[in-house]
Structure formats: C-alpha cells, structure tokens
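To keep things simple, chains are lettered A, B, C, D and E as they appear, and every chain counts its residues starting from 1.
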Amino acid sequence: MMAISEMVHAAAASGPAATAVLLAPMLAPLVAASAAVLVGWRRAVSWSAVAASVVILVSGVLAAVATADGSVLTVGGTLRADALTAVMLLVIGVVAVIATWSGVSYIDQELAAGHTDGRGARRYGVLVPMFLTAMVLAVLASNLGVMWAAIEATTIVTAFLVGHRGGRQAVEATWKYVMICSVGIALAYLGTVLVYYASQHAGIGEQGSLDWSVLVANADQLDPGVMRVAVPLLVLGFGTKAGLMPMHSWLPDAHSQAPAPVSALMSGVLLSVAVYALLRYRVVAVAALDLQFVRSLILVVALASVALAASMLLAQRDYKRLLAYSSIEHMGLVMIGVAVGTPLAVTALLLHILGHGLAKAVLFCASGQILASEGTTQISGVRGLLARQPVLAGTFALGVAALLGLPPFSIFVSELALARAAADAGLAWAVAVALVLLLVVFVAVAGHTAGMLFGGDAAGQRPPHTPPHTPSLPRVAAAPLVTGLIALAVLGVVAWPLEQLLDAASAIAGTS
Amino acid sequence: MTDTGYVQILDLVCGGILLTAVLMLWRRELAAIVRLLVVQGVLLALLAALMGVRESSTELFVVAAGVLVLKAIVLPAVLRRVLRDSGEAREAEPLVNVTASLLAAALLTLLAYGLSRPLVALAPSPTTRALPVGLAVVLLGFFVLVTRRRALSQVVGFLLLDNGITATAFLATAGVPLVVELGVSLDVLLVVLVMQVLAARMRLSFGRTDLDGLRELRD
Amino acid sequence: MSLIGAGLGVIAWGAIAGVTLGALAPSRARALVAGVLTSVVGAGGVLAGLAALGGQGWSLTVTDLLPLGAMTLAVDALSGAFLLLVGAVAVAVGVYSVGYTGPGGRHGAEPDATSGDTTALAGPSSEPGAAGHAEGAASRTAQSALPLFVAAMLLVPAAASVSTLLVLWELMALTSLVLVLAEHRLRASVRDAGLWYAGMTHAGLVAIMLGLVVFAAGAGGESFTALRAGSGDLSPGTRSLVFVLIFIGFGSKAGMVPLHVWLPRAHSEAPSHVSALMSAAMVSLGLYGLIRVGFDLLGGGPHWWGLLVLTVGGLSALYGVLQASVAVDLKRLLAYSTTENVGLMLIGVGAAGMFAADGNRILAGVLMAAAVLHAVNHAAFKTLLFLGAGSVLRATGLRDLDLLGGLARRMPVTTALFAVGALGAAALPPGNGFVSEWVLLQGLIHSVTATGSPSVVAALSIPLAVGVVALTAGLGMVTFVKAFGVGFLARPRSTVAAAASESPLTMRAGMFLAAAACAGLALAPATAGAPLTRLLRVLPSVRDGAPLADSGIALRLAGIAGSMSPLLIALGLLVAGASVAALARRVAQGRPRRVAQAWGSGGARLDPRMEYTATSFAEPLTRVFDDVLRPEHDIDVTPYVESRYLIESVRFRQRVPDRLEARLYPPLLAAATRWGQWSRRLANGSVHRYLAYGFVGLLSVLIVVGISG
Amino acid sequence: MSVLRKIIRTGRVAESAPQAPPASADAEGADRSGPEPVAPLSGSVQLRHVDAGSCNGCELEIASAFGPVYDAERYGLRLVASPRHADALLVTGPVTRNMADPLRKTYEATPAPRRVVAVGDCALNCGVFAGGHGVEGAVADVIPVDVEVPGCPPTPDVLIAALRGLTGR
Amino acid sequence: MTASGLTAGALAATAGQLALVVGGAPLLVGLMRQVRARLEGRAGAGVGQPWRDLRKLLGKEAIRPDGSSWVFTMAPLLLLASTLVITAVAPFLSTVSPVEGVADLFAVVSLLMLGTVALALAGLDTGTAFGGMGASRAVTVAALAEPTILLAVFALSARVGSSNLADIVESTLTTPAQVLSPASLLAAVAFAVVIIAEAGRLPVDNPATHLELTMIHEAMVLEYAGRDLAMIELASAMRLTVLLGLGANLFMPWGIATTVAPLPLLGAAVVFAVKLGVLGAGLAVFEVFVAKWRLFRVPELLAGSFLFGLLAVSASFFLA
C-alpha cells in the first residue's frame, strides 16, 4: 500500500500517472462499449464490462491514496480529482463491479427466458459502460458546466436501458424518466448559467469561469442576489436527478422497470452523483450566501423527500418500487447531511452514499433474481422465500437489514453520525422529524419484507402464474451479492481504510 | 451599430421571442406550433448574432449559426416527422383551457419580471434588462409541459423551456463557454431524438400519443 | 492485562469463533459448538463483571473500529453488575442450549394444535418431524447468532461512548431479532412477533438516539467522559428532554407499560433459551441504560423525574402481573411477569430518584440497590423459569397450561427446578425474589422517618407504591401457584403431557446452574453488600450510600433500621420441617401412605377434564379485575335440529386480550394505513401531475426567494 | 342485637347427657352388636354420612341428633365433608343399584381404622324396599357393617347411644 | 442486643412461646367452638376436643391420591414448618429473642403466604375439581389480603422507623398513646379484616361447612387423612393463634416481658394466654352474628380494608 502511495505521489499531481488514473476510468468502459458494438453480447463482452468497472474501482483506490492527504490530481484544465472525487470514484467503482458482475448472469437469464433478444442484449452491453463513463466524467469534470452536461448525458444513455424490456410500461417509464429529468436538469442548467453570470461579475476575470476551484476561491465575491435565484434552481434541478421532492416522481417508475443491474447503478450511483454536484455547489453557495438560507432550503427538500418516501412505503405493493422509494428516503437523509454541511456531516453523508450504493446494488440485483424466480414484482406474490431460496432470501434480508440501518452494516454508523452532526449544528428538531419518519419507514419496509421472506414453504399459497422456481441461486449471481454485503459490513465496523480519505473529502466540502 | 439601434433591435428580438412563446400557448394546431418554434429559433439565432456584433466575437457568430441550424431547422424537422407519423393535428383539450392559460402566462411573466430584479441589479445594461424575457419563456415552457396532453406538445414545451434558457444565457452572459454550449446542444438534440423514438413506440403500444394513457405505473 | 480486559477479550474472540464455527460446523456438532461457545462468552462476562465489582476499573479506545467515531469501552462497577448478570445467564443458557437445540423433542410443533379443540386429550397426533426442528433454533443462522447476541449484550454495559453504545445496542437488537425469528417456518405467529419486536425496538432506538445526540450536542462530545463533564452545561429543559427520551427508549427495551407489547409476543415465540436470554438479560439492560444515562451521565435530576419513573414502574408492575395472573400460555405468562418485575425495578429507581432529588442519599442508595438487586434476582429466576418452560415445550410441544399437568412425576428434575424459580418469582421466602422485594419495601417504608417531613407528593406516592408492590407480590404469588400447580402437578390434561419424559442432561445442568444462582442469591444476599456499595459510588446523586451492611448471615441495611436473615429463615424452615417430618415418621411407625384413587364424591371415574385448568384457576381474579381486564367470552350453543331447547353441545371460550395494547396500537396502525392509502394518490401515474409537482415547487421557491430577497 | 337477645333468652337447650352406655366398659353387652371402640378413635369420631337410597326419614333424625337438643357433638362426634377425614360412615337407606359403587368407593376412600354404621331398618334389611328392582341389597351386602342402628327411623337418642359406643364418651 | 440474644433465658423464652403456641393453639380452637356451641344453646364438645381429634388422626392411616406427587406429601410439612418459624420469631412472650433480626414483619407476612401457597399447591396436586377450586380461591383471597396486611405493617412500622417486630412492640410500650393514634386504629381495623381472611373465618370462609362449593380452606384439604391431616389441622390452629397473637401484641403489647427473667416470662405467658382467649372468644361471638359472604363479595371486604390500610399510612405521614 505504501509503495503505491509513493509511486502515485512520485508522479506529479498532474503528471502522466495522474493522467492515467483519471483517464483510465473513462476510457475503459468505452472500450467495453465498443466491444459490445462490434461483437454483440458474449460472455467475454459481459466480463469486459466487469473489467471496466474494476478499472474504475482501481483508479478510485489510486486516486484515494493520492488525494487522501488533501492533494489534487489534474489533467489539463478539464479533469480534476480531489479526495471528494476519489470517494465518488470509489462509490461508482464498487457499485459498478457488483452491478456488472451480477449483470453477467442477469442478461443470460433474460435471454433464456425470452424477455430480450440479441439486439436488446447488445444495446445493454453498449449502454451500460457508456452510462459508467458519463458518471465518471461527471465526478471528474473540473468545470461545473461539463459536469452538468455529463449528468444530462446519463439521462440519455439510460433512457433505453430503462425501457430495456419493451412494452407499454417500459415506454411509459422511459417517457416519464426522460421528460421529468430533462426538465429538471434544464432548470439546473439555468442555475448554472446564472452562477456563470455571477462569476463574470465577481472579479474572476473578463470571461468568468465555471471552474469549481476558481469559483470556490472567489465565492465570497459572487453576487448574493443572483445566487439566491441560482441556488434554488440548482437544488431543484440536480435534486431531480437525485430523486428529491418535488421532482422525484420519475424514480419509482424508472427503477421498477429498468433491468436489475441498471436499477442498481441508477439507485446506487446516479442519485449520488447528482448529490455530489449539489455538494460541490453547496460550498460555493454557502460562501456566497448566508448559511441559514442554504440550510433551510436544502433541509426542506430533504425532509420533504424523507416524508414522502415514508408515506409511499406504508402502502407499497411492489418490492422494486419499495426499493425505489427507499432510495428517495436515503437521498433525503444524505441531503440532511448536505444541509448541515459540517465536516462530520459530510464525512457521514459520503459514507452513507457508499453504504447506500452497496446496499441498493445488492438489493436490486437480488430483487432481479426474485423476479426471475417468482415471476412477479408484487409483494403479496412472494411468500416464504427464506424457506425455499435460503441464499437469495438471506442476501435480500441482510440487504434490507442494512438498508434499515442495522449494524454491523455501515448505514447505521453513517445515520448515527448524521444525527450527531445535525444535533451539533442545532438542528435537533430536524433529527427528531427524520428519526420518526425513519421509524415509519422501518415499520413499513420490515412489514412488507417480512411477508415476503418468512413463513413456511406453503406450496398451496403460491399464485398459479409463478413459474417453477429455480432450485437455488447460481453461484455467479450469488457471489457479487455476498461480496457486497461483506464489504458493507466491513465498512460499518472498521474505520481504517476510509477514515483519512473521508476526512480529507469533508475538509473540501464541509463548512463549519 | 448605434447603441439606440442595438437596443431597439434587441428589444424587438426579445419581444418576438416572448410573443412566439405566448402564441404557442394560444394555438392548438400542432403544425402551427412547430412553425412558431421555427420562428423562435430564428429569433434566437438573431439574438446570438446581435450579441456577436455587440461583443465583436466570431465565436458568437459560430454559435448563432449553430443555433439556427439546430433550433430552426433540425429540431422542427424532427417534430414534423413525429407530427406526420402520428397524424394527430390538434392539441384538442389542454388540461387548462386557453383563456386560463393566457391569464397564467401573464402572471408567470410578471413573476419573471419580479425575479429578475436582482439579476438586472448586478449589471444594469440594456441587455440584462431584457433578462425577464428569457425567464418568462422558461416558465411558459414549463407551463406547457404541465398542461398539454399530446406527447408532441410536451416536447414543444421542453424546447420552449430550453429556448428560454438559451435566451437567458445570451442576455446574461453572452453565452456560456463553447464546450458547455456544445454539450448542451448535443444533449438537447439527443433528448428530442429519444423522445421521437419514444413517441413512435408509444403509438405502437398505445395506438395514440395522448399522455393520459401513460398511467399504468402508479402506486 | 487486567482481568476485565481478559474477560472482554474472551467475549470478543468467543463471539467471533461462535459465528464462524456456528456457521461452519456440521449440523451434528452445531448445537454443542454454539452452546459451549455461548457459555464461554458468558464466562468471559462473569469474569469481567466479578473483577469490576471487585473494584477494578478498565477502559479502552480503538480508533480503527467503528467509522466516524471510535470504539470506546470502559468498565466500572455499574457495568460490572450487568456484565455479571448477563454473563451468568449466558453460561446457564449456553449449557442448556446444547440439549435444547440438539436432536429430539417436540418443540418444533405447532403449539396450539389442540387448544381450540374441545377434546383436550387428543393432542398432536403426529410426531413433529426432526426436520422442522433443525430448521428452527438449530439452524445454522440461529446457532451462529446465539454467541453473537450474548457478546453484544455483554458489551453494551461496557460501551463508553454514544456511538459505541448505540452500535452495540442495535447489534443486540438485530441478533435477538434473528433468534426470535428462528422458528418462522413453523408458526405464522413468529413473523408477527418478530415484526412487533422489530418495530418496538426500533421505536426505542429512535428515542434513545435522539436523546443521546441531543445530550452529546449539548455536552460537546460523545464519549461518556465528555457527557459526564458537560451534563452541567445543559439547560434544565434539555436535561429533562434527554431524560424523558432515554427513559422511553430504554423503557421500551425493558418492557415497561405501555411499550411492553412486543414482550409477550417475542418471548413466547422465540426458542426458549433465547426467551431466557431476552427476558432475563436483555431486558435488564434497559434498566442499565436508564441508570447509566439518567443517574450517572446526567447525574440525577429534579423530583419529577423520579416520580415519572415511579409512576410508570407502578403501572407496569400492576398491569404486568395482572396479565400474567390470567395468562394461560406459560411463556406468555413469564413474559408478562417480566413486565411486572421491570416495574418493580423502576419503582426502586424512581423512588431513588425522588429521594436523591430531596437530598436523602441514604434512602436513595438503598432503593437503587434494591432495583439492581432485583434485576439480578429476576435474571436468576427468570432464566430458570424460561428454561423450565423450554423443557416442558420440548417434552410436550405445549405452552398451553390448560393442556399440561402431571409433569412432576414424569419430569421430576425439571419440576423441582421450576419450583425453585417459581418460589423466587412469587417473592416468597426463602426464594431470591423475596430478598430484593424486601429491600425495596424497606427503602419505601423508611421514607417517613428518614425524610422528616415528606413532601405531599412523596406522602401520596410512597404509600401507593407500597400498596402496588404488595398487590404485585400477592398477584405474583397467584401467578406462580397457577403456573407451577396447573402446569406441573396433578394428572396430565392431554396425551402429550402424559407421554412427557425428562429432558437431556445438558438441559438439566443449565437449569441447575440457574437454580444454584437463585439459591445463592436467596441465602447469601449480604455478600452483595460491598459490590453494591461500589456500584453506587458510580452514581453521583446516590454516591454516599452503603446499602447493605455486610454482616455475615443477616441482611442489614446501612443507615436505616432493618434486618432480616434469609439464611436463618431457610434454616429454620428446614429444621422445623425436618423435625416435624421425623416426628411424623415416628408416629407413623413405618406405615406407608396408602395410594388411593382421588376422592371423586363417589363418582365413577376422574377425567382430566374435571381438573381445574389455568383458566378456571384464574377465574376469580378475572372477575375481581373485570374492569381492567375485560375478558372476552364466546359461547357457542349448538342445539339439536329437532328442537332449539335440546342442546347438543355448549362451547365456552374466554380470551383475555391485552387491553392496553388494544386501546393504543390498533388506532395507531389504522392511522398509518390510512395515511399510506391516502398518499398512494400522490403517485397516480400522470406525468402532468408529476411535472406539476415540480412546477409548483419551482414557483413557490422562486416566490419565496423573490419576497424574502 | 335481636340475635343477642334471642341467645340470652333461649339459654342452653341441650338436654343433659344421658348416662354413658356401659358398652365401652362392659364386655358382656349382649344386646349390642358392633365392635369395641377402637383406641385411636376414643373421644373423637368424625362421620361421613352416605345416603345410599334413603327415604330421608333417617336423615331428619340424624340432623336432629346433631341439633342443639341432643347435641351429638358433645360426645366428640362430628359430621365431615370428606371420607378422608372420616372415621366412620353413617349409611342410611337400602343400597340402590346406582349407589352401590359410590358406597364402595367411599368405603375405600376412608382411612383405616374405619367403621361402618348402618342406620335404620332399610340399611339393615332393605325394609319395605326389599326386593325392589332398583335395590341392590342391604348395606352389609355391599360393605362390612360394624354397628347397626335399627328403627324406621331410629330416634336420635338411639342413634347417639350407638355412636357413643364408637367414641367411648 | 445480639449479645444478650443468645442467653439461656432468651432461648427459654423462644422455647416457651413455641410450646405455648403449639400446645395452646388447638385449645384456642376448642375454646372458640365451645363459645359458639354455648351461644347456640348447645353443650359443646369441650375445649380439649381438638387435641382429641389430633391424637386420633395421628393414629390413623395416611392416604395419598393416585397421580399426586411429592408436593402433596411435602405441603403439610412446609405449612407446619413455616408456622413454627413464625411462632419462633414473633415477640409473644418477650421482646428479647435469640432470633432477633432474623425476620421482620414483612418476612412474617411472607411466611404466612408461603404456608398458603404450600396448601394451595397441594390442593392442585390432588387433581380434583374441589382441590383446584379451593386453591384458586385461597390464593385469590390471600393475594388480595397481602396488600392490606403490608400496608398495615407499613403504617405500624413507619412511625417506629423499623419493621422489626420487637422494635414496634417496644415502641408501643414506651409510648402507649400511639395506640390511640388514627394511624394505629385504622391499621388495627385493616389488620383485623386480614386476620379473618387469612385464618379462613367467617364471613370469608366457613370452617365448619360441609358443602364443597362454598369451601375455601376445606376444599384444599379434602384429600388429606391421618397424620397429614393432623399436621394441617394443627398448623391451621397455630396460624390463627399466631395471627391473633400478632394482632394482640402489636396493638396491645402490655404484659409482654422486656427481659428474659423467669418471672416476667411466666407472667407474660399468662397474660398472652388470657389475651388470646379473650380475642378468640370475641371472634367466636362475632362469627355467630355473621353469615358467610358470597365469594365475590370478599374482594369488597378486602378492598375496604385496603382503604383502611392506605388511610392508616397516609395518616402516619400527615399526622405523624
């Protein structure tokens, strides 16, 4: 580990090593995508996506090692990586590994079941790596405009992934997804334009700048009047992609229709990338505006999102939508951390993003397997799963436990730290509201999943349309899920590998 | 060009943009709405060119040419194709009727004026004084999105929204950096293309492009 | 390395080994491995607890564990008491579980297969398969969770920071939940029990977490040291808020009314050895939390804190014992009895708080000691009772007292040991429960003389508290006469009960350990004097107390007049009984007792259905407390078709629902359901509606910004 | 207070005890059947009354024997509720078929040493019911009888005299 | 206290009161029956009749019902043993005792309960409906009586600052005016009700009933015979004696010896016997005047006495 650290540091912050570390995660998926374009869906092609994900993860690790001491890697003027970026790279890498890994068997099953054809599989093989590229670009871009464009690009790339299965519902979900997200992201663009406008008049120079580090350095010069209009637009706009109230509505539809690995990627990473954008903007906003304004705005959005998720979870009937609403809830929690914004809060929310990404990746992939074996996404259609499919149901149960914030999984630790940070910032009332809502979520989710998991193997109770279930989870499908759970548990217990990096990241994005 | 002449032309162009936006709200024939979109695209390109003259920047002329191609030619062409395929010519019953829509448009324009006060205050100039127009178009576009039933109308609403933002960008900052501008334009184009594909699929699955049919996914 | 450190090391490594080996061991060895490791982990706790009570102190901070905080552990005498308690319970349970989760037994069966049947003698006809059993408490998951659960419980009292405490607290909740759900395949009620438990425990966590983060925010740090130092900086309002919150939170884990609803469900549906762990050990950790935060970290508070705890404690004690006295399900009965005993502990803690606020530290010390002592005693006898109930369940597959009976001759060891536990639980001399209730009553009755002129509140609440304790003791006696008398004595009331056989050696050994603890606590409580004094030193507001003067065989209270010698009473009973027996033997001159058919008024035969059942036994009490219990009767009269005056059969059923639960929770759940159904309209599928949400949101934000700017 | 007045006005109504029958001391008591009073029973005899099919005439006499006037209790006699507590069974009436088994069970339930007192003619020889289709027989046909008290019904003083033979008082 | 506690005199005092209670308890029952007989216009069996009954029972065969367990045979032993322990520790003759500090009022009350429980379990163990019924009723009554008795104890001990029996007696001796305090009077009433309930006297239970359905105590012992029954009868008589003796000495301790000298002890024994005789006779007279209550009116009685107990305690708080 030390050797790598020295190697990376030996190369200058913007030397060829940095270039390799920052370019590789963007190029590797493109290679995988072009492979799919050329040869269609093959085993090797599917593994190449996994390899690309591993590349992202490895460069994330390298970037983390390089930036944990607070240094910055840059490539030209366009790509830039600090500790915060490294954390996000890690999140993307980890979730992508799990999602693409389980995607290997997922598409095979879909093909076998006749849900998709060779064209669909090829499209899947092309679009998924491109999706990864777009997200990597979003976190690596030093220019906020480029970051915006990359996030918008994710919408376009994923549009046909959401509609992968075809049919009325797929079209409907895709239309809503594309329409709502485009509108939302357009608002974010308007906000970006206004920030640019403010930066032009902030003594940065004639041309102004959308470069984040430049903006941060001159944030106190930005005109508060303009920023007061820009910040709500940005919150609303990126909030759309993050699945926050009031532009959250696309999320349950898209997540429930997309193929499981894509849902995992969207829920686990895409939402977080949007939050990442807001986190970047928050630093600027807080310096330009008063803290109270930013905090109130974000807090209202965050709490409203958690409340909405809690309400919708209560009477939920579809387990994929259940997971989707749970994503809204967790993004709401993360946004509470963004609202608080102290270093502890930022550390906590980053860990939360990582934990949530892992848990959701595991859960969506597991739910894909459940769908494959039970033939329905209705909660009431799945009964006594633990008795019939112990491994699959076990991973699902543990994933739910993690999602509900039970130790040893890291979400508990990050939620606790979020609560502490908020209380320290004098927002105990918000903690109280959030915790009560979390209790509702807990009861709702636990109640729904308990029905799915527990109970005897009552063969007579199963609805007639279910196909004869596969006897047990194939090993290639189980391995990524178990790996994800183990990683989640380790993250919740051991502080050592991440603590320094998270502290460095919170020093970048946190304001006390 | 003299200052007064510039201001007059600027105001004229901006007025035209707002007018086309309001007309789009008024008209029900989809073909007419697409024509209005073409007009608005041309006006936007004119605005960019005007700024290019003002700032004597060749980059802006390039942008103006791009805007003209994209907003006045390519996108309307795509929309016409959708229109032709679908064979549905009218936005028959908007969720909010035309009278109410026009009243709402008035209110939204007022709101835009109110909102842009701090924006104008930052750097008062003839250009920035026209900023409310951009914001008003954004709000009108959003309004169209919310109230129009046809798939095509929603795409139009999205484009209106986008035009509003483009106008705002030109008026406030004389355009964002080129790389961003390129990204944005590409994105918008792709979004519209995606929507065209979707509208086609929608017609295949649902038989029409009335968005009220899209209500199967619900809680 | 200190003994405490060694003990905690044993706990940690034992738990890790337990999880690993429990998961890896072949199914034949699994019960043995898990049981032994559970006992080992428990022994680590006993070791650490004894060392801490002996006066050692210990602390440790591991920064590499627990992200965004640090694993901070510290052990003092207060921790020691609960380490010892939990550890000792775990040792007994571990030994017991080897047999309980081993092959054989009927405890995997549907328990109520025959209860609804009019022919009580029918019994479950088919032998429940061993397969069902292997998937329940003996499953890989349950067996590897057992040592982990014990370790989490043991580490809770050692936690010394908010994060550490909460993580371990939740780990304890999760592992116990897994264990509660162990038999989910066998009975549908297990899932409900698990859900109630999960929900209530999470509600408790919310309260605790909120209280502690507010506390930590006010005190400026999350380690207990910082909290202790900073508690003075909190405003009185914040202090009270924190106290009320943690009281609710820890109280829900302790099973106080009205947050007790999970207890009768989870304790009766969990495998019996798990019930013992939960009821005896985990519940008392709620008391630990209350004492630790309320009296150590917050350092005590105003008079009304104590009154609040006292009131809730009194209600819990009464309500718990009332429900227990009419319960028919043996494990449900024991669970309600837990609520009762927790109520008694809370009465002690509450009264201690009141007197501490009045400045009477001696009395406060006695009462606090009574509470802790009662927790220890409760742990001992409740372990024994649940293990006994488990033995019955294993032998018969039944929890329904109405179908049991006749076990005294078929399971003599279990019966005798259960009797020891029941004696303790009934708070009768020479049982161990009596000792702590005695100390509690002593503390309460001295309030008059000790406080000089007591406040009006005290003058009204203390007599009521004495009345409550006394009524609780009386009803507790009824409860356990019923449990023991109906469950174990007389003739069997069903065929399965008649076919019962004694439990395996390890189960008997586990019960014997618990019974030995009961006996030790009953006969030599004075040895607890020095440790209890050390424990009180931890708590600033009751620091001066030395509750039990260590005076050999007699139990003397320090500072107030009161003494009693359980050992001599037991000895007296033994001597008197032995001499009477000897006399009777001389009189009998070797004539044995003739065994004759029971006198049935000359009737032809005595049917088991003529025996008194638990329901009929509790009938007078049900009538007396009609207004509180509101039993539900259900009478089906089936006439012959020929005439409605000719009755073919009459069927009478009585159910005593938990009225408090029925009043409080269904409306809450119904409201949640209505809320959920209403909010489904928010996502009605219309893309226009969705966009409108955004549009309205945008406009309102912009308007607010416009106006405020 | 009316009760108190009544008590004072009534005073003692028990007649003075007649001479103790010589039977206990007199071994030659030829006209009396029945055994010696058993030493352990001396001074205290608890009776369990079994109505094996009586017409209730004997019951009336038994009741008045234990009433204030005859006051059988002063001789150490007492009626009890359980045969387990009893030393002697007081059996009346012819033994009906339905009562034969209960009578046997009651006898079985009584701890030794035990005595059976057959009270009234019916108990001794079925009286007017002899040969009735529902009648099993006399008491002696079912369980061994130790003391016989003839009469239809026997008067209380006869009854008490017989029972005093058991208590020895 | 402890130094003098182990003297021969103190031992003699304890032995004396044990002998007195064991020997006197059946006589007290006999006396009560005799009083009752006289009031009913009968001659009565004589004061010694209970002893005659006991002697006879000891000579008789003991029977154990089929299906019962060791509990059935142990219960009489436990009942008698617990009563003996109470007898030994209660201050009947002298306030000085070698078993000073072994048991206080709470312990005594609990030991009484222990006896009740033993008998109730025995009743259940017989497996008959009557046994179960008696057990159910007995423990119900006892459970409801316990709060009252403890509150009465509380009222008495609160003013002394100790629940130690000897302390309470001594305190009353030194300040006799306390007896007439409201707290003390209320407590006395409560205590009297409890004695009636616990000893199974009218109107709670009729010791002379033959009707099983109305039985409480008798129903539990229906299966006992011979020496087991003798033990139970003796223990019941002793419990009545002990309860009356406690009542007598807690509220009217005069005559009790405060030393262990032979003469005061002898005097104390005489006074104690007289007190019990008077109390027993009074109870018997009272019983002539009342009929047995329905079982479900008994809680009313106990609730009433509970109220007295509570008032007594409150009085000791407010009027102390």
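Everything that follows uses one rule, which is that a residue touches a chain if its C-beta (ideal position, glycine included) is under 8 Å from a C-beta of that chain, and two chains touch if they have at least 3 such contacts.
Note that the coordinates shown come from a computational prediction; the quantities given were computed from them, not determined experimentally.
Enquirer: Could you tell me which chains are in contact with chain A and with chain C alike?
Expert: Chains touching both chain A and chain C: B.
Enquirer: If you average the CA coordinates per chain, which chain's centre is most distant from that of chain A?
Expert: Of all chains, D has its centre farthest from that of chain A.
Enquirer: Is the number of contacting C-beta pairs greater for C-D or for A-B?
Expert: Spelling it out, more C-beta pairs touch across A-B than across the other pair.
Enquirer: Tell me which chain's centre, taken as the mean of its C-alpha atoms, is farthest from chain C.
Expert: Relative to chain C, the chain with the farthest C-alpha centre is B.
Enquirer: Can you check how far apart chain B and chain E are, centre to centre, with Cα atoms defining each centre and the answer in Å?
Expert: Whole-Å distance between the two chain centres: 100.
Enquirer: If you average the Cα atoms of chain B and of chain C to get two centres, how far apart are those centres in Å?
Expert: For chain B versus chain C, the centre distance works out to 68 Å.
Enquirer: How many angstrom lie between the centres of chain B and chain D, each centre taken as the mean Cα position?
Expert: 119
Enquirer: Counting only Cα atoms for the centres, state how far chain D is from chain E in Å.
Expert: 34
Enquirer: Residues touching two or more other chains, restricted to chain C: which are they?
Expert: 594, 596-597, 599-601, 679-680, 682-683, 685, 687, 691, 694, 698, 702, 705, 709
Enquirer: Name the residues of chain A that each touch 2 or more other chains.
Expert: 172, 175-176, 179, 183, 225, 228-229, 252, 312, 315-316
Enquirer: Hey, what residues on chain B touch two or more of the other chains?
Expert: 115, 117-118, 142, 145, 154, 211, 214-217, 219
Enquirer: Using the touch rule from the top of the page, what pairs of chains touch, sorted by label?
Expert: Chains touch in the following pairs: A-B, A-C, B-C, C-D, C-E, D-E.
Enquirer: Which bits of chain C are touching chain D when the two form their complex?
Expert: 594, 596-597, 599-604
Enquirer: Considering only the defined contacts, which chain B positions touch chain C in the complex?
Expert: Against chain C, chain B makes touches at 95, 111, 114-115, 117-118, 139, 142-143, 145-147, 149, 154, 211-212, 214-219.
Enquirer: What residues on chain C touch chain E, complex-wise?
Expert: So the residues of chain C touching chain E come out as 325, 405-406, 408-409, 412, 415, 426-429, 434, 438, 441-442, 444-446, 448-450, 454, 459-460, 462-464, 466-467, 469-471, 473-475, 477-478, 481-482, 484-486, 489-491, 554, 556, 560-565, 568-569, 572-574, 576-577, 580-581, 584, 587-588, 591, 593-601, 606, 608, 610-612, 616-621, 623-624.
Enquirer: Quick check: in the complex, which residue numbers of chain C touch chain A?
Expert: Residue list for chain C touching chain A: 63-70, 135, 141, 162-163, 166-168, 170-171, 173-174, 181, 184-186, 188, 190-191, 194-195, 198-199, 202-203, 206, 209-210, 213-214, 216-217, 222, 672-673, 675-680, 682-683, 685, 687, 689-691, 693-694, 696-698, 701-702, 705, 709.
Enquirer: Provide the residue numbers of chain D that touch chain E in the complex, in ascending order.
Expert: That would be residues 3-4, 7, 10-14, 17, 39-46, 68, 71, 73-76, 78-82, 84-85, 87, 109, 111-113 of chain D.
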